[in-house]
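Letters A, B, C and D mark the chains in the order given here, with residues in each chain numbered from 1 onward.
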Amino acid sequence: MFVNNYAILGGDKRQIALIENLAKDGANLWVVGFDKINFDNRIIKTNAENAIKNSYYIIFPLPVTKDGILLNSPFGKNKLVLNDKLAKKLYNKKIFCGTSEKLLKLGKIWEKLNIIDYSKNLEFAIRNSVPTAEGAIEIAMHEYPETVNGSKCLVAGFGNLGKALSELLYGMKAKVTVSARKTEDIANIECRGYKSILTSKIKETNDYDIVFNTIPDLIFDAKTLKKFSKDCIIIDLASAPGGVDFKTASKLGIKAIQALSLPGKVAPKTAGLIIKKTIYNIIKKEEIK
Amino acid sequence: MFVNNYAILGGDKRQIALIENLAKDGANLWVVGFDKINFDNRIIKTNAENAIKNSYYIIFPLPVTKDGILLNSPFGKNKLVLNDKLAKKLYNKKIFCGTSEKLLKLGKIWEKLNIIDYSKNLEFAIRNSVPTAEGAIEIAMHEYPETVNGSKCLVAGFGNLGKALSELLYGMKAKVTVSARKTEDIANIECRGYKSILTSKIKETNDYDIVFNTIPDLIFDAKTLKKFSKDCIIIDLASAPGGVDFKTASKLGIKAIQALSLPGKVAPKTAGLIIKKTIYNIIKKEEIK
Amino acid sequence: MFVNNYAILGGDKRQIALIENLAKDGANLWVVGFDKINFDNRIIKTNAENAIKNSYYIIFPLPVTKDGILLNSPFGKNKLVLNDKLAKKLYNKKIFCGTSEKLLKLGKIWEKLNIIDYSKNLEFAIRNSVPTAEGAIEIAMHEYPETVNGSKCLVAGFGNLGKALSELLYGMKAKVTVSARKTEDIANIECRGYKSILTSKIKETNDYDIVFNTIPDLIFDAKTLKKFSKDCIIIDLASAPGGVDFKTASKLGIKAIQALSLPGKVAPKTAGLIIKKTIYNIIKKEEIK
Amino acid sequence: MFVNNYAILGGDKRQIALIENLAKDGANLWVVGFDKINFDNRIIKTNAENAIKNSYYIIFPLPVTKDGILLNSPFGKNKLVLNDKLAKKLYNKKIFCGTSEKLLKLGKIWEKLNIIDYSKNLEFAIRNSVPTAEGAIEIAMHEYPETVNGSKCLVAGFGNLGKALSELLYGMKAKVTVSARKTEDIANIECRGYKSILTSKIKETNDYDIVFNTIPDLIFDAKTLKKFSKDCIIIDLASAPGGVDFKTASKLGIKAIQALSLPGKVAPKTAGLIIKKTIYNIIKKEEIK
C-alpha cells in the first residue's frame, strides 16, 4: 500500500517545512527539486518518475507554476517541465497543489487528473490569516515611525484576514476601526470593541495613521487618498492588483506598500505546517465519504 | 405620511428601552400595554386601535405571545387578544415581532400580513450574543466558588454565542477550550489562542471547572456527565430542551443551570437597543430595494 | 516535630477551603470552630487547647475577631474568647491571622506573640485583587441595565485592584478610563490602552456609565456626584468609610453600592487558596533567613 | 522671559520629533546640529552660543555624548566640543539630557550645572517599554520562522519592559511564561494569565521557542543554553553586557540577538514624544515645588 507514501515536487521553504513535518509523522517521502537542501536520511531525494511511482499522494507547491510551463522549484538544480508525459504518470494518484489555475490550463489531460487545490480550502485561508496578519504588523512596525500602540488603525474588510488583524491590533492597544459592507459584520465589529464604518463611507473619513486593506477592490482610489494625511501609511494585503491606487499615493507622498504572500516570507515553517494540516483534513474527509 | 410613526404593543423592559430610544431619535410613538410605566409626554399611551391607525410601523414584543392567544404584555392592565379583528387592522402595515411562530399559527389572516420576525435576523443574533455571554459569565461568577480567572472553561459550540463567550473568557484569563464540528472552525479556534476539541470528542474528556453549552443537542448526556467532576458547574445556554441531561446531572451532584433569555434579564436596555438597531437596518434595506 | 502540623481556629468558607487545601498537601490538621462542617477523616475537630498543643503553625481567620472579644467563627457552636489564657498557650508558636488590629489591642501578652498578619502581605493583596475585580464586575453586570461591553467605565485608582479591574474591563470591551495621581501611573495607564485622567480632575468630568472606586478617600463627594448622570452606577470598593458620599448619591437618585470583602463572598475557594499560598511563601522566606 | 524658549543641541530622529512636537505646542526653538534637516520657518537653526543665550531650557540628546568629548549630533556638519567654555554658558539654565554619565565626568564645572537626566525618570522608562516591546516583537517575527501566535515564549524579568512584553505576547496569542524573583511578582504574573517561573529555575527548563531577556544579569549562561533547543531564538533586551552568553549560543547554533536602543530605531517619533512628555512633567513638578 502507498497510503503513507508522499511525493513532494518543488516548492520553497514552506515545502521544506512540510517535508520535515510529514517525516516527523512517520510518512515515507520521495522529494524532487530540493538538491540544495540537506534532509534526514529517511527522506529520499530522487527524480519525478521515481517519486511518483512510489507514492499515492503527490504534493505540488504553492504556486505550482509561475510561468505555466515549469514547476516552481527554487531549490532544484534542474527545472521540471509540466508536460503531458508527466501528467500521464499522475493518473490514479491523489494530487495536491496550490493556486492551480495555470496548471489546469496546461491541457485536457491535466483537467482529468484528481487535483485538489489546497489553497482554495477554507481551513487553509483561516489558518494563513494569522501569519499574514503578523506579517502585516511587522511591516507596520517597521515602516511607521511611531508605535502601533496608540495608533489609529483602519482595517478595510472583515473577512478571515480582517478578523485576525483587528483582533491582533486590539491586543496591541491600537485604536481600531474596521470596515465592512454587511450590517451583520458591522454588528460583529462593534461587539468586538472596534469602531465600525461602512466600506462605502471610507472615502468620507481620513483620520488614520496606519491603513490595512484586505479588500480586492479599488477602495483607496485617488479621491479617497487625497483626503489622507501624508504621514499615514497604507499596507495593501489584497491579492493583485490590490485595492490601492499606488501611483496617486506615490504622487501624494503617502507611503503605500503592496504586501503579498506574507505567510511564506514571514513564517515559512508555520505556512508549511498549515499545508500539512489542510491536506490531512482533506484526506480524512474523503476517507469518511 | 406615517413613516416616522410607530405603534409599540406589549413587551417587557426591553420594549420600554426600545420606546425610549425611538423617542430620542424623534419618532412619534403610540404605545399599548405600558399602563404601569411613566413615559415622557411625547409618548402617547392609547388603545390598540388608535395606535395602529396612527402608525405605519407596528412593533410587537419578543415573544409576541406566550400562550398563542394573548399579547405578551406584562406591564399592561388589560390583556389584548390576538384575534382576527386585530389582524384586519394590521393590513398594509409593516409589522415587526420576535419569535413569531405562535403568531403565524393564529389563522390564515395572520399569515397574509407583512410580518417580519426580527429575532430571526442575523444582526440581532450577533448583537444579542454579547448580553447573553455576559449573563453567562455573571452566572458563572455567582455559582462557581473560585474565580473565572485561571479556571478551566469549556465552551461547547463556536457559533455567534460561542465566539463571544470564548473571547470574553480569554480576556478574563480563563483557560479556554472550545468545541466545534467543522475543521474550519477548529482552525479558527486554534488561531484565537484557545484549545480546540471536536464536539464529538467532548465525551472523552472531563477536566473542566466551568462548562458553557451553546449547542441545542444532547451533548452532555448521562455517559458524558458521569466522567465529570462533582465540582464542575454546567451552564446551558442552548434553547430548550437544551443540551444537558439535567436529571442525571442532579443525581451526580453536578450543578447544572439552564439559562435562557439572558439579554432581557441581564441587560434589558441593551436588548431594547438591539431591537431598535435591527429594525432600523431591516427598514433601510427594504428602502434600498 | 510539628513542622507540618497546623491548628486552624475559626473562619468562614475561605478557612474551610484553606483546611481542605492544606489537607491535600499532606498537612496534619486540628480544627476548631467548624462543628457544622463535614471534613475528611484526617482533619481532626477538637478544642483550642488540644489544637494548639499539637501544632506549630496556628492560623486565625480574616478578620480574626469582629468585636475585639470573641474569635470570628461563624461555623462554630461555641464562641472562643480571645483572652490571656488563650494567649499563653500560643507562646513559641508561629501565628497567622488576617486584619490583626483588634487582636493586637487585646493586651500586652498578645503583642509579644509571634503574630504575622497575612492580610498585610503584598502577595495577598495582589492575588485578592482578582476575586475582588471579578466580584465588582459581577455587581456591575447585575446592576447596570446595559452590557459592560461598550459601556464607559471609570476606574478610580491604579493600585493592585485598579490594575486588575481595568485589564478585565478592557478584555470585556468596555471603554476604560483610569485615574491616578502620579505621572508614572498615568504613563502606565496610557501604555495599557486606557484613557487616563488625574484623580484630581475627576470632578471636572461626568461622562461615565459605571464607576469603580478603589481609593479610600472621599473622591466622589457631593460636588462631583452632582455632575454625574442619574443613570450612572457607582461601585465603591475602597475599605470603609469608602470614597463615595452615599447620602448625596441617594438623594440624586444615583445608585451607589458599597462592596466590601468580595473575595470571601464571590470566590471563597480561591480566597482560601490565596491564604494558603501567602502563608506558604511567608514560611519559605523565614526558613531562608 | 525665556519660559517658552528651548535650545535643542544635537540628537537623532528622536530629537527631530521632539523639535517638531515642541513647535506644535507653540514653543520658541533654537536648534543646533540639524544642518541636514528641513524644518518649519519658526524653528531657528543657529550656533550653540546663540541658542543657549536665547533659551531657558537646554535639551541635549540621548546619549548626550558617545565618546565623552563631542556632542552626539549625527545630523550636524560640525562637531560641538563639550568643553568648559560651553559649560560656562549653561549657568542658570535648566539642562535636560539622556544617559548623562559621561557628561558628568567632563569636569567639575559640569557637575555644578542644573542637569536633569530624563532617561533616569520612571515615566520615561515606563513609556519607552512600549516601543521596546514592539521592537522586540518585530525582531521575533522577523527571525522566528513560525508565527508568534501559538509559540512558547519566555519573558525573563517582570519589570516595566517584562510587563509590556508579556501583555503584548498574550494579546498575540502566544503561550507566555514569565520569570521573576519575588513572590509578589509571581502572584502578579499568575493573575495576568501567564505561567510563572522563578528566575532561578529557568536553568531547569528548556521548552521555549522564543526567549526575551530583560534582566541585566547572566541568566542565560552556557549551562542553561546547553539545555535549549537549536530552533529556539533568544532576544536580549538587557543593557550591555546583557544576559546571554553569546559565544556559547553561537557555538550551539542557537540564534541569539542583542537588541539595544530599540525605541529610537523602531519608533523615533514616539521616542521623541516620550522625551517631550517626560520633560514637561519634570518641569510641571518643579513648578509646583
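Following the convention adopted for this analysis, contacts are C-beta pairs under 8 Å (C-beta built on N, C-alpha and C of every residue); 3 or more make two chains touch, one makes a residue touch a chain.
Because the structure is predicted, anything quoted here is derived from the model rather than measured.
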{"item": "Chain pair repeating B-D, as identified from C-D, A-C or B-C when over half of the contact pairs by residue number coincide", "value": "A-C"}
{"item": "Equivalent interface positions on chain A and chain D, same or different at half", "value": "same"}
{"item": "Rotational angle, Cα trace of chain C fitted to chain D, multiple of 5°", "value": "180"}
{"item": "Centre-of-Cα separation between chain D and chain A, whole angstrom", "value": "36"}
{"item": "Distance from chain B to chain A - Cα centre to Cα centre, in angstrom", "value": "38"}
{"item": "Chain centre separation (chain A, chain C; CA means) in Å", "value": "51"}
{"item": "Of all residues in chain C, the ones touching two or more other chains", "value": "130, 149-150, 173, 190-192"}
{"item": "Residue ranges of chain B in contact with chain C within the complex", "value": "13, 17, 130-131, 134-135, 137-138, 141-142, 144-150, 168, 170-173, 266-270, 273"}
{"item": "List of chain C residues in touch with chain D within their complex", "value": "122-123, 126-127, 129-130, 164, 167, 183-184, 186-188, 190-192, 277, 281, 285"}
{"item": "Chain C residues touching chain A - in the complex, by the definition given at the top", "value": "149-150, 173, 190-193"}
